[in-house]
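Each of the next two complexes has chain A plus one other chain: chain B in the first, chain C in the second.
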Partner chain A sequence: MTDPTPTPLVQFRGVRKLYGSAIAVKSLDLDIGRGEFVALMGPSGCGKTTTLRMLAGLETPTAGSITIGGKLMNDVPAHQRDTPLVWQSLALFPFLSVVENVEFGLRMRGVAAGERRSRAMMWLERMGLQGFEARRIDQLSGGQRQRVALARSLVTEPEMLLLDEPLSALDAHLVIRMQGVLTKLQRELGITFVYVTHSHSEAFAMADRVVIMGHGEIEQIGAPREIFRTPRSRFVAEFVGRNNIIAGVVAGGILSSEHGAFPIAAPDGSAEIVVAADTVTVLRAPPEAGPAVKVAFLSEEFAGTGIICYFEAADGSEFKAQVTEEQLADLQPEPGAAFWLSWDPARVHVMGG
Partner chain B sequence: MIDRSGLYRLTWRLPLLLWQGAFFVVPLCFMAAMTFWLVQNYRMEPAFVWTNWQRMLGRAVFWDAYWVTLWRAALAGLIASVVAFPASYVLAFRMGEAGRRFVLLCLIVPFFTSFLVRAYAWQVILAESGPVNAVLGGVGLGPFTMLNSSFGTMVGYLTLVLPLVVIFQTWSLAAIDRALIEAAWNLGATPVKTLLRVILPAARTGLLLGAVFAFIMSFGDFVSPAYLGGSKPPTLSILIIDTTKSGQQWPRAAVVSVMMIVTLFATAAAALRLAYGRRG
Partner chain C sequence: MRRAGDLLGAIYLVALFVFVFAPIAASVVFSFNSDRFPTLPLGSFTTDWYARAFSRPELWEAIANSLLVAAVTSVLATFIGFATAYTDFRYGFRFKQAYLALALLPPTMPLVIMGLAMLAWLSQLGLSGTLRGIIIAHTVLATPFAMAICRLRLSQMDTTLEAAAWNLGAGQWGAMRHVILPFCAPAIVSSLCLTAAVSFDEFIVAWFVSGLNRTVPVMILEILQGNVDPQINAIGSVVFLTSMTLVVLAQLMIFRRRRHD
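What follows is the complex of A and B.
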């Protein structure tokens, strides 16, 4: 991972984008370093795609400045930038063959026919698509099209690649494979990837830094682990998921909430704490010491890393706990069965502090 | 032997087959048969002689009319496509959904009046003493003879086909995935290159169908060459009229018709191949 601070490749300063009176991006300040893999993440309508499109020149900021490599880009039209974008729909040209698609960018830049063909063929080979060059796009599988789209974007050897939810149309098993392809490619090329997604697993698996956006603003920027373990706001904690959020009032190192009183290291006043699902222990009986919330079992869900159990507290709020398969077998939870949830107070994150 | 599913399919297709047979194939066969008939004492008699074909295809008048009609209809298709394109482009890319629908509806309005009425309207407008010449005369030009010339015929053809060509083109342009246009832009294509390399190929089917429709309608049109072009030089449609009027020569007119239908079929087949065919 490159340190983004010394010479950022991209700088957003006070960038604002309105559509009529609707605010797409409120005020954005963001630096993106050379060779960095940045994920812009957030729910739909949070402004992440608009941000990406402004970087590509497909949208013009209403206010503020965007610089790439120190050069002000606000009024540079899209075709004079070298900021290729991989579309969610891939946007491959159906009337061109695979190799014609790949060499399109070179052709538009006036590269001679022989050279652009050989460079396109080199990229097709790199993407494992040799022998497919004469095919039409509709003769390719989803994964193959994905790689054609990547080759088409990378053939001009840009400093930066923009990706707009490129994996959302793929089958689940292909998504994991393509994640591997993308991270490997980014490391080998050493260029900047700006990746827009609403999927935490994609962002957390690939990115050096994750930018969480909500309502046209940045909610938090940080390494995946940092965002996951120390969310700064309720919005981030809920969006990232697998977190239990408890709100209450702290007095003398004790948080009083609807779910009981828990010891906590926080100054007096109202506070929200985050208890990650994988730090929660599920018990059949109340623990002798430490925090405990009495809950009723609702359901379980198999997630790649373990099993997420869902519970309901007395006031109807939902609690989550991550358990292993062995633990689940021991607990044998029935819907409605009573359990106690406990956790290590040291691993609790206090938000907004 | 027809199995059950074959029978089922046949049952559903039967109405269409009957309809096409009754109103298209049978009259066509009848007309083709008529080309071999004889006319004696101004009356048609069923026969099987090649005289009609020999008399029509052996005359320079027929071939002159054939090439004039073909050339003018092709020119009408080309001019209509070129003239319609800017309008279709604006409709497809610069207007909202509601505005586009309204304008397309307005484009259908001309079909509410008979084409003959519209041709007469042009006779007034383009006349030697008409408003166009009055305006041009005001700036010291003209007067121009616009009626009874190939210019007049072309004005008629365009009046007939332009709205349809705009509708065809607008539909095909509006159907282009916007991401394709943005992708071209994103990959370094200037607006002009985007138009040539992406928009035109992506809208190929609709653009070609529009031009072919203009060609087909102009090819068979009688009103424009007769009322605005002054029947000179005669087109095939005028030739048909003249042939039927002179001595009830319906069989010879049928020869012209069959030649026209064969030409249109060939053009339509070639155009469809070009429009829907895959490259490479």
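What follows is the complex of A and C.
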């Protein structure tokens, strides 16, 4: 499922989108395979939503081509495509009941009343919403609305589902549950999911491939782990977060930076290295061997998998280290207290390499 | 202190309503009073003035005219008002502010000026003195109200709803029919009622352009010019009741949709 098939379902070729003179998407080349779960991720204004809207036919590319299933789609209007979208606002119709909402796509395609009702009911059941069909939308909880929106999009049995930050309005505990629902659904249906989000946790938890976008361009495409461990640029490393970036000059296998000199396996010249927060060791005294940066403690943050501690180096730049609760209890950091950060040189990633 | 303020406010409100509604209430009371002139103490209760007023064939003719004009005006004004509100909602274009200002302009013009202008214009078109002429004039007057109501409703709509309909296979007209119009239905009914009331009540412009095809308010004036007679109170009470019913219906639709959203 992770391998893009030889004939991708979707192909973007040199796609460009301008709004007046403002560039939303600069130049996009991207293949999306059948049955793939792709996350488009980036900060707001990076062009990810515009890309998704072009796929749905809600925006027309200024230049370049978009094909779906080998067919050129540039000028195919939205209503003649089968690219249902789950909206950030969900966009459920408030004047229709739950089942009428789910039926909508079938009704627009001229499916007979009896058949569309039974297909809609089947999807409501699948989403665990049996018994809710006659309710009004405003009588549902956030999670239930989410599932109605999914059922409404999937009832036409499309080859591809587009999702535009669908979980951003939900409570944190519901987000995790819906992530499970979505991944399971995508596996079962075997259809392509294109998922736009600015949240790494969502993208990394669900997607087969993550596309990081910035300033209307693709910064990096890869499996979640690949992007997390080997970011190609400072932009990606910073966006993905929990990374320490050190810039300097390499000469003879030694990186000289403002924070000191560290052994590094990189060719001579200027370089940026990434030391992931979870590969950093926090020490009370300088280590006898290996790289070390002297820092002052700033604060800590509980983050699901551990605790992220924030430090400040002598030049004011920020360093992060992920520690366990036990380690934090041992360290007992006070703001301003001095620590040394060290890491295994073998786990350092050199960017641009 | 607070309670004293509340009490004063309440008294003020009651006084205001009494001031506004007293003449209307008096008119209704005297329409059932047997005395020829509106004096106190009242005479006996009678429906005689209603019987006399409604036995005039020309009143029935005027009522038929008024109802026809109000009905056609409400449909035309609501259609144009909705279309204007929708262009505002959907499209951005140059001079949009000017377009909107122009669309909302008619109620700000003095009615006498409007009536004179309409008379001149409609005579040129050979439409003065016809019901069509009154309908045109009333549509001009009522459309901004229709537009304001429809605009208010559209502003409450999640802008992605229409795109969601396209996304699910509805064309432009499909989205209009299955999403925009159902969403705006309460506003459209409300607008039909309100614009019908505007037309049914309207006197000045109708007086200028009506000619022999009189509407009810025009006829009231003509009776008034002849002799003051409680028949006017009777007709006036019916007009008031009709208009109030329409306005209340329009309000109910607005409140209903507020409660639901």
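Going forward, the second predicted complex is superposed on the first by the 351 of 353 C-alpha atoms of A that agree within 3 Å, B and C clash if a C-alpha of one lies under 4 Å from a C-alpha of the other, contacts with A are read in each partner's own complex, and residues count from 1 in each chain.
As a working rule, a residue touches a chain if its C-beta (ideal position, glycine included) is under 8 Å from a C-beta of that chain, and two chains touch if they have at least 3 such contacts.
Fair warning: this is a prediction, and the values are worked out from it, not measured in the lab.
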(message) Quick check on the chain A-based superposition: chain B and chain C, clash or fit?
(response) clash
(request) Applying the touch criterion given at the start, work out whether A:97 contacts chain B, chain C, both or neither, answering first, second, both or neither. (result) first
(message) With both complexes superposed on chain A, which partner does A:79 reach: first (chain B), second (chain C), both or neither?
(response) both
(message) According to the stated criteria, A:108 is in contact with first (chain B), second (chain C), both, or neither; which is it?
(response) both
(request) Classify the contacts of A:87 with the two partner chains as first (chain B alone), second (chain C alone), both, or neither. (result) both
(request) Pick one for A:56: touches chain B only (first), chain C only (second), both, or neither. (result) both
(message) On the A-aligned overlay, A:134 touches which partner chain: chain B = first, chain C = second, or both, or neither?
(response) first
(request) Across the two complexes, find the residues of chain A that touch chain B and also touch chain C. (result) 56-58, 77-80, 83-85, 87, 89, 91, 93-96, 104-105, 107-109, 152-153, 156
(message) Under the stated contact criterion, what part of chain A meets chain B in this complex?
(response) 56-58, 77-80, 82-85, 87, 89, 91-97, 104-105, 107-109, 134, 136, 152-153, 156
(request) Provide the residue numbers of chain A that touch chain C in the complex, in ascending order. (result) 56-58, 77-80, 83-85, 87-89, 91, 93-96, 104-105, 107-109, 138, 152-153, 156
(request) Could you pull out which chain C residues touch chain A in their complex? (result) 158, 160-161, 163-171, 174, 178-179, 182-183, 185, 260-261
(message) Touching residues of chain B toward chain A in the complex: what are they?
(response) 177, 179-180, 182-191, 193-194, 197-198, 201-202, 204, 278-280
